[in-house]
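Notes follow the structure.
To keep things simple, chains are lettered A, B, C and D as they appear, and every chain counts its residues starting from 1.
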């Protein structure tokens, strides 16, 4: 298990990933028990399958969509934990940067069945289209929600300034 | 050709026949439930067998994550505990750890012990509430009354420490809001010892009761691989034989100094999912008693400025709440209000597991499967 | 509004006289058309009872009522008269009172088992001794509330059956009581085929339940009614089979005969399996937890009596609890030796005329104690068991209970064959 | 046979509980006792003092009308509004004090944490029921009165089980 100071477990993991994917992935940070990569959209499915089968990260925790109007991107961050081997304490996050005007991304539901509802919520809250998602429709918002996806920064709660 | 009698359309809330095609009846169960919260489950039934179950959450959705972006880190405390007031320390714990990492302030040792004690007390409070509702779901009124009475012992302790019975708002970045009153330790030990003897009573009336066993053993069996791939967590995961407890896997605060066992069972059916939380309550009592002895004296809170700010960074913190792994992903862009807060709550992660388990189950088994999922609609909808 | 104004403003003597005369007219009319014929019938058609040699004519009756000393034999005669037996002692009033005690006991005992209080405030301050007893007036409060509530008849309901169902339920439950012997010769209908009559009456309940749920014309009661029908029908067979063993050993269907046949050993000692099955099927017959499928079903909360409100619902509840008293009394008569028990009660005299003999008083007290014990066991079942699933309910009834009931019959025959129990022919 | 023994154990446990004392607190006659006399906060050390978070109490001689409590509550429930007070205090130049609307207040106590002048604490009075929403709004003068809540019952445990007693 890696202590706070030496991060050799996380570094070894990061090297394995960069060795496998080379320049198509970019390591954003390595912290105790946390690794984050920026992955491009086209190799996402292959990256996720590699993550689950070779590295043993098989337990999906959450899918978060973050809207960056200044950089005109929507970031979809997948957090995947592991239940089975020595990486149990590590949470592997990989993010995909999508253009803000038409954010589409292939769905990871066939690989991680647990992210189905998370992806539906991100679709509903940020307007990210997940291609190939079994049931991409409204989840939490009321049926007659006519406004823009609420978690975008340009949606303001009425009566409250930013 | 079904004759539609206009005047006899006395449709009762909660039981609404939407359509009949090829013998598949679509029932919508809920949104009023005898158990908890508002949550609708659209169930396609062929005779008595459920062909497909589509959970339809969202009745108590309030947009917590959007509201978080309009409040600074302190004002978010009473706000963020609303989704799960039965386990309010459990849902605030990761938020407080994440904000401490963002603002990088140190927490005094005594505060860490108090936090562990309050988190464990809240775990038991929720487990008892959940067990009580499980009892009333199966028609066992005594199993509703006993946990509710025993829960009062722990609520009394929590109220003594934090000042409020349920919505404690007791955890703050930098420690806890106030120190424990002086006679807390002596009263807590007395209450917990009696609580443990009360827990043992549940075995005869509930877990060994043949009728309860007939309703839950072999019902909704969740295999180990499905549990992991579907992202199940907490007692649901551990009941399927996966030993994954964040307090052991990634210990936070002082959990690495306390020794306790992680309870797992292999069957993965509703009985196991009802049995694991019960054993975990014994472990929680063990943890609290150890923590009460080891608790050093000293300050309980590091002073905070009026508007604490974090740097441009993102933090992902997770904690083992009563229902399982509860994680916060907070992105901060330097000003006192968080840029984005993402709650990954265990109830929301049980939805795919519920849909998977209900497919093929009998309609009569639905209550025991649905409620063994540890599902809390208010928390899942956020 | 207009009428009120007229009467208040000015007072006309003529109006007053007119109303008085009108009132007098109605009193005389009712008196002569209704009250007089009743008196004639009583005086002339009912044969005056002959009490120890003296014929009671109305004038003697009045003197007796005034002077209790002479009236003692009259009281003894009335107690033995069948009207008193039907109406008061072993009959309906005793059963209704016992049912109310059962309701109160259920709420209090269940509350105690669940560490809570149960009915508490009603009647606490009313009497000085009521402080610890808690809310024993709660039942009267409930009764008045139910009486006050409006009885809503759902749209499109089949009104005659909807109204008749509660009444039929109470009548059937009351019918059961008539057959149960409370003390040596204290039974209303001492017919030779008493047990057969009990099962005939028990046949009323599934039919009435179904009719009631059909009549209320809405989806929920319909489904609840169907489930009630499954349950009652499938549990009647083990009920009858479990009693077969008792009939074999007792040799007679007459309930008093059965109780007398239990002289040395109670049948529960000889046929424990039969007793257990009878108890389980009685619970199913009463639709009590763990068998209250038709009443409250957690995934579709419904019940065949959801459409009943007000006193109609009150009547059904009364019928339920009278049936509970009747079935636990039946259990006592069949398996626990009815009124047999060591002598603890003495006879009751009234001016040196023994109204109730010592043996009868003792029989009644033992009967009441045993019935209350069995009823408490039924109440406890509600405290410790969850509801069982519909498929388990039917599977246990058809496969398990009937099989075990046959084993019980074989045991009875074996006992008879091995001569353990003398072949009791006739009463 | 397993089910029969299971049932017998359940009956035994059920009847055993007939001897354990009732746990209910008979509320109107018996009232709970709380530790201390309400939640307080010491701004110098920046840490609170344990106590029940019930109705607030305002020490008008200490309140300076700095509005920090109303700003703190803005993000949570907006229950505190500053209202003019007719009595003149030398330390309160603007003459405004907090008026708390208990229809909105969630009793989180963050206003007590925000008050730097020891003016706003909480008491252990929770019986604030009122017939109209307007009566739920407590003016500064109402908040200044100390509530008369006498709670003497607490949970006692002995071999007869847990119960509420004097």
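Here is the rule we go by: contacts are C-beta pairs under 8 Å (C-beta built on N, C-alpha and C of every residue); 3 or more make two chains touch, one makes a residue touch a chain.
Quick caveat: nothing in here was measured; it's all calculated off a predicted structure.
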Chain labels contacting chain A and also chain B: none
Chain whose average C-alpha position is farthest from chain B's own: C
Geometric centre distance via CA averages, chain C-chain B, whole Å: 48
Inter-centroid spacing, chain D versus chain A (mean Cα positions, whole Å): 43
Separation of mean Cα positions, chain D and chain B [Å, integer]: 26
Distance between the centres, which are taken as Cα means, of chain C and chain A, whole angstrom: 68
Shared interface positions of chain D, touching two or more other chains: 10, 13-14, 17, 23
Shared-contact residues (touching 2 or more other chains) in chain B: 70, 142, 149, 205, 209
For chain A, residues that touch 2 or more chains besides their own: none
Contact pairs between chains, per stated definition: A-B, B-C, B-D, C-D
Of chain C, residues touching chain D in the complex: 109, 111-117, 120, 380, 383-385
Chain B contact footprint on chain C (complex, rising order): 110, 113-116, 154-156, 217-220, 289-290, 292, 296, 298-302, 382-392
Touching residues on chain B, where the partner in the complex is chain C: 7-8, 10-12, 14-15, 27, 29, 34, 48, 135-143, 145-146, 149, 205, 209, 211-212, 214-215, 362-367
Chain B-facing residues of chain A, complex: 33-34, 58-62, 64, 66-67, 77, 79, 81, 83-84, 88-89, 91, 93, 112-118, 121, 125, 135, 138-142, 150-151, 155, 157, 160, 162
Contact footprint of chain D on chain B as seen in their complex: 70-72, 74-79, 142, 149, 152-153, 156, 159-164, 167, 169, 177-181, 183-184, 190-191, 194, 198, 201, 204-205, 208-210, 213, 299-301, 303-304
